[in-house]
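Note that chain A is present in both complexes that follow, paired respectively with chain B and with chain C.
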Partner chain A sequence: MSQTRFAVLMMAPALLFLAVMVAYPILLLIDNSFYHVELLKPAARTWLDLDNYIKVLTSQRLADAALRTGRYTVFALFFELVFGIVAAVFFDALGARSRWHRTVFALPLMVSPIVAGILWRFLLIDQVGIINYGLAALHLIPDPRAVSWLGNPDIVLYAVSFPDIWLTTSFVALIVFAGLQNIPRDVIEAARIDGASAVQRFLRVRLPLLRPVLAVVLIVRGVDAAKTFDLIWIQTEGGPNFQSEVLSMNIYQRMIRYGDVGQASATATVFLAAMVVLAVLAYRFIWGRSRNV
Partner chain B sequence: MSNLALEDRRLRLGPAAILAGATLIVLLYALPYIYLLLTSLKPANDVLQIPPSFFPQRLSLENYANVIGSPSIPASFLNSLVVALASTILSLVLAVPAAYGASFFPNRLSGWFLLFALVTRMVPSVSLGLPFFSLMRTLGLLDTQAGLILAHTTVSLPLAIWMMAAFFESVPRELEEAARVDGCSRFGAFMRVILPVVSGGIAISALFAFIASWNEFLYALLLTSQRATTAPIMIAQFKTAYGLSWGPMTAIAVLYSAPVILVSIVLQKQIVGGLTFGAVKG
Partner chain C sequence: MHAKSLLGASALALSLAAGPVLAADTINVLVEAGGHSLQQPIADQFTKDTGIKVNFVEVPYAGVYDKLSAELAAGTSNYDVATIDVIWMAKFADFAEPLDSLFTDKLKADLAPALLADSQVKGKWVGMPEWANADILFYRKDLFSDPKQQAAFKAKYGYELAPPTNWKQFEDAAVFFTQDTNGDGKPDLYGTDVIGANPEEWMAEVLQAGSPGVVLDDKGNVIIDNAAHLKALQFYTDILCKDHAAPEGATQVDWGAAQNMFYQGQTAMMKFWAHAYRQTPADSVVAGKVGAAPMIAGDAGIAAIPGPWYNIVPSTSQHKDEAKKFIAYAFEHNALGIQAPLGLAASNAAYLSYEDKPGYEHFKPLLETLAAPATKGRPLVPQWQEIVDQAVTPMLQQALSCKADLPTLLKNAKTAIQGILQ
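Take a look at the complex of A and B:
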């Protein structure tokens, strides 16, 4: 048997599965996006041309949800990176002695977003949230009820990202730690001899060398944050007043609460297209470039 | 000479300060989960006491007894376990040969295949969840374990393909050639010579596939309603149906996450490598 034929045979079952369970459903989704379809009467479809797309793309609620998805992603990523890099620098400075610290940091690596969401909801809960009692004890807020993290429409979008930041800081820290350990010691030693300060050595020597690692983290985590559903759903279900409703949730609500399969499909198709464009760019950026390094 | 970015005369951070700083970071980091653990051990009435106390005044297994005694919770854990095991096996049976074919005998198709698997991971779950709902309804698979197993395999299969491709990349090609010279068929060389070499990689991929399904929420929310409901859905429902019964909720959250945490601590290094999708060698 020729090599190529053997390779194709080995890939065939997985390809078939992906065709039936991924490609075909996506075609179904795109097909539905051109029809008026109701959830409870899927057989009675009427052709709408591009009406769903026009409605969706001119919908203020969708534009708001898209904007919130972007704000949520940027906010969560920023703090995950900052906290993660700071922790990694400390662990790297400790070297081998940071083993126990890193073991504790590995604790939430694979924890479900649902658990993190419930936990933080409990920490921030209005009357008995322990975080507010802590802040009040430190005189940072006048009394424990002064801040309603998940009830105040102005801050809820940022408050729901706390569990996301908590969960993912460990991931960023451990990856960046691995990256820091891989930087050859003599490079930093040379910079030290040339008179670079610790801050300069970090910003000018180590951070640039970490770029491929940070690129992977940014893209993997960015895509995940933009897709977030469960973590926010368990905390607020998108409320209050839709102020924590992100794109995934907007689509889910169009489908389940309003039963409008057509419009939900059109929205989901637009979302999908945006993410795939991002994915292809990411693929080129990471694997196209780091191969040459 | 250790490389200490922080240990610099201008910053005046000695080794003791670094150790203290790192320990403080780690303590702060672990506190929320420790609080969850301690809260789950309080009697149900003490869970929402005002003001909240970090340590339980009395210890009780009441919340755990409530959770284990309710008929629906153990059933949902069993559903989660069955669905996760089955989708793990299905995704590995499909992914291992495919990743071997794609990475040992690269051709034009394999490049597209790997790209397609990567793009699949970027697809928002909700964009696949909507058509899954219609598809499963047509097939009569709504609210069945089988339907959810298929849905979860679309998450774990691309992950397993990429991880296994990375593991196969590190196997020397000569191994296959030597087996062929010794009279193995191509498939025989794969089964008897290559597979044992990557068994560690298979185990890690299996772990990832299992946890991807164990933690999955949106497909389970869309595709199950009663019989096939998984644990995360039950946790979410505790909130609505019982008017926020925080005591049992903390207990169920611990039961649901503790096994995953234990595994993460033991296999920390492999997991960090796998989480970057094989892109960074951790």
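Take a look at the complex of A and C:
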């Protein structure tokens, strides 16, 4: 058996799995997006040409939801990266002594998003939210009803991202920590001997060497945050007045609650294409450049 | 001889293949948690009496809709009975076996008119009510019977303090009980709550104001901008925006939050689903102090939106006869489920058998509210969920921002609903 044939044979199970579990559903999704399909009557399909796509691309509601998805992703990702990197640097500085810190820090990762959503909903909700009572006790706000985290249309999108940040900062921290551990100590030592300060060593040596790790974090967490559904749904169901509605929520409602498979598929296809493009760009921009470092 | 044997064997095979489906010894019932606990005692008795076992498949609330939809779309279903929320009746009506034979005159006489009306979609009896709920008025007995409060109320409003029965009394009591009890200059007791995440409390007031229906009339015309809807929206928002008799942040207040506030002693009254009467936590500051009264009345009298759940037989069921037998039995023995945590039933007889028992004081107000002439179910149209999500709830939340022009909001909602129905 030739080496190529052996390689193909070894890859065949994985390829078969991908074909059945990934490629086929995606092709089905794209196919459905050209039809009017009702969830309860999938056999009665009507060909619509590009009507579903025209509706999706001209809908102000979907454009708003897409914009909110972007804002939510950037906000959540920014704080997850900042907090995660700070925590990772702290763990790295502690060395082996950070074992317990890392374990405790990773605990939110074990919490299901649904549970986290409910937990934060009750932490933030105006009338009974503990957060506001805490802030009022610290005199940061005048009284517990001063900030309406989930009711104020101007801040609700950011408030619903708190549990996302809480849940996944530890994931970012652990990945970045692993990346920091892999940076050769002699490189850092050389920078130190050359007179680089701690900040310079971090910004000029460690951060550039972390680029591949950050690329993975950005792509994995970015895609994950962009398709967040359960966390927001549990807290606000997209309200008030759609101000926390993101694309995945719109797709869910249209597909499951309203049974409009065709238009939901078109929205999902556009969403998928956008995510692929963004992931490729992120990969090329960050990882591609890291090869030259 | 050989040919005859072959013919005989073929006939036997055909008769086996085309013969009736064998009687089931087990039927599968799709249900959410509350409905499971209500129906389990009935199912146990049913199994004893008929030998047919009942296997409940319990899923979360939304799972009932999701699972049943998926199975019906696939054309095969393991479920012989599905217990569904009334708001899904129109969606599943085309996929449900008719239950006409079960709706005898005796049975019809044992149901509130609104529940009976919701059992039919396009003239076909689709579902049998298994339990029914409606908003009634919960109030703090300790506050309403406090002599100091009574005297202060009479001095201010000129009539005796009592659980309100109409809009005027409700508004007066809500304003009166909004009190600063600890002297910090801010109210820490509110008269009531205003729910912005679910529109049913507002819809009840629409019926109380005399609208022939909520959002749509019986012919399917969009009537969300009629005078009664506007009057109800004005009254609903006034409690928050004009009277400040409810906590701020109403847009995010849903049923859970409203219940929490009442149990924490933050509100003196709550318009809420009747089942909550038996769910006051023992460690709540209001435990043992909760009273129940019928829903308040507007120009058209008492009215509420019923929240019934119905048993249907999916057309894909393999054991339709046994399923219908269970459904009929469940209604006939409806009272068996009342001891369950949800503590509800559908038939008048079941409620009446408990109304004088201690701990079930809410049944009389519930029955009175359900039987009120103006009480009416939500429109049975397949797009109802979309109408609520996309037009009604957002409109209500904008109204509760206290900045919007209410007639314009209703007009915009009408346009949005007409778009959904097209």
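The criterion applied here is as follows: the second predicted complex is superposed on the first by the 247 of 293 C-alpha atoms of A that agree within 3 Å, B and C clash if a C-alpha of one lies under 4 Å from a C-alpha of the other, contacts with A are read in each partner's own complex, and residues count from 1 in each chain.
As a working rule, contacts are C-beta pairs under 8 Å (C-beta built on N, C-alpha and C of every residue); 3 or more make two chains touch, one makes a residue touch a chain.
From a predicted model like this one, the values you see are computed outputs, not experimental measurements.
Trainee: What is the contact status of A:216 with respect to chain B (first) and chain C (second): first, second, both, or neither?
Mentor: Touch status of A:216: first partner only.
Trainee: By residue count, which of the two partners contacts chain A more extensively, chain B or chain C?
Mentor: B
Trainee: For A:10, select first, second, both or neither according to whether it touches chain B, chain C, the two together, or no partner.
Mentor: A:10 contacts chain B only, not chain C.
Trainee: For A:75, select first, second, both or neither according to whether it touches chain B, chain C, the two together, or no partner.
Mentor: neither
Trainee: Using the touch definition from the top, say if A:143 reaches chain B (first), chain C (second), both or neither.
Mentor: It touches chain C, and chain B stays clear.
Trainee: Considering only touches as defined above, state whether A:42 meets chain B (first), chain C (second), both or neither.
Mentor: A:42: touches chain B and chain C.
Trainee: Can A:111 be said to touch chain B (first), chain C (second), both, or neither?
Mentor: In the superposition, A:111 touches chain B alone.
Trainee: A:1 in the overlay: touching chain B, chain C, both, or neither? Say first, second, both or neither.
Mentor: In the superposition, A:1 touches chain B alone.
Trainee: After lining up the shared chain so the two structures overlap, which partner does A:53 touch, if you call chain B first and chain C second: first, second, both or neither?
Mentor: Neither partner.
Trainee: Between chain B and chain C, whom does A:158 touch in the aligned arrangement: first, second, both, or neither?
Mentor: A:158 sits against neither chain B nor chain C.
Trainee: Please report the chain A residues shared by its interface with chain B and its interface with chain C.
Mentor: In the superposed arrangement, which is not itself an observed complex, chain A uses residues 42, 127-128, 256 for both chain B and chain C.
Trainee: Can you name the residues of chain A that touch chain B in the complex?
Mentor: Counting only chain A, the residues touching chain B are 1, 3-4, 6-11, 13-15, 17-18, 21-22, 24-26, 28-29, 32, 42, 86-87, 89-95, 97-98, 101-115, 118-120, 122-123, 127-130, 133, 144, 166, 169-171, 174-175, 178-179, 185, 188-189, 197-199, 201-202, 206, 212-213, 216-217, 220, 223, 226-227, 229-230, 233-234, 247-248, 251-252, 255-256, 261, 264-265, 268-269, 271-272, 275-276, 278-280, 282-283, 286-287, 290.
Trainee: Which chain B residues qualify as touching chain A in the complex?
Mentor: 1-8, 10-11, 18-19, 21-23, 25-26, 29-30, 32-33, 35-36, 39, 48-52, 54, 93-95, 97-98, 100-102, 104-107, 109-110, 113, 115-135, 137, 150-151, 153-154, 157-158, 161, 186-187, 190, 211, 214-215, 217-218, 222, 232, 235-236, 239, 246, 249-250, 253, 256-257, 260-261, 263-265, 268, 271-272, 275-277, 279-280, 282
Trainee: Sort out for me which residues of chain A touch chain C in the complex.
Mentor: 39-42, 125-128, 143, 145, 148, 150-151, 153, 236-237, 239-242, 253, 256-259
Trainee: Taking the complex as given, what residues does chain C use to touch chain A?
Mentor: 65-66, 69, 72-73, 91-92, 94-95, 186, 196-197, 247-253, 257, 260-261, 264, 266, 382-383, 385-386, 389, 393-394, 397-398, 401
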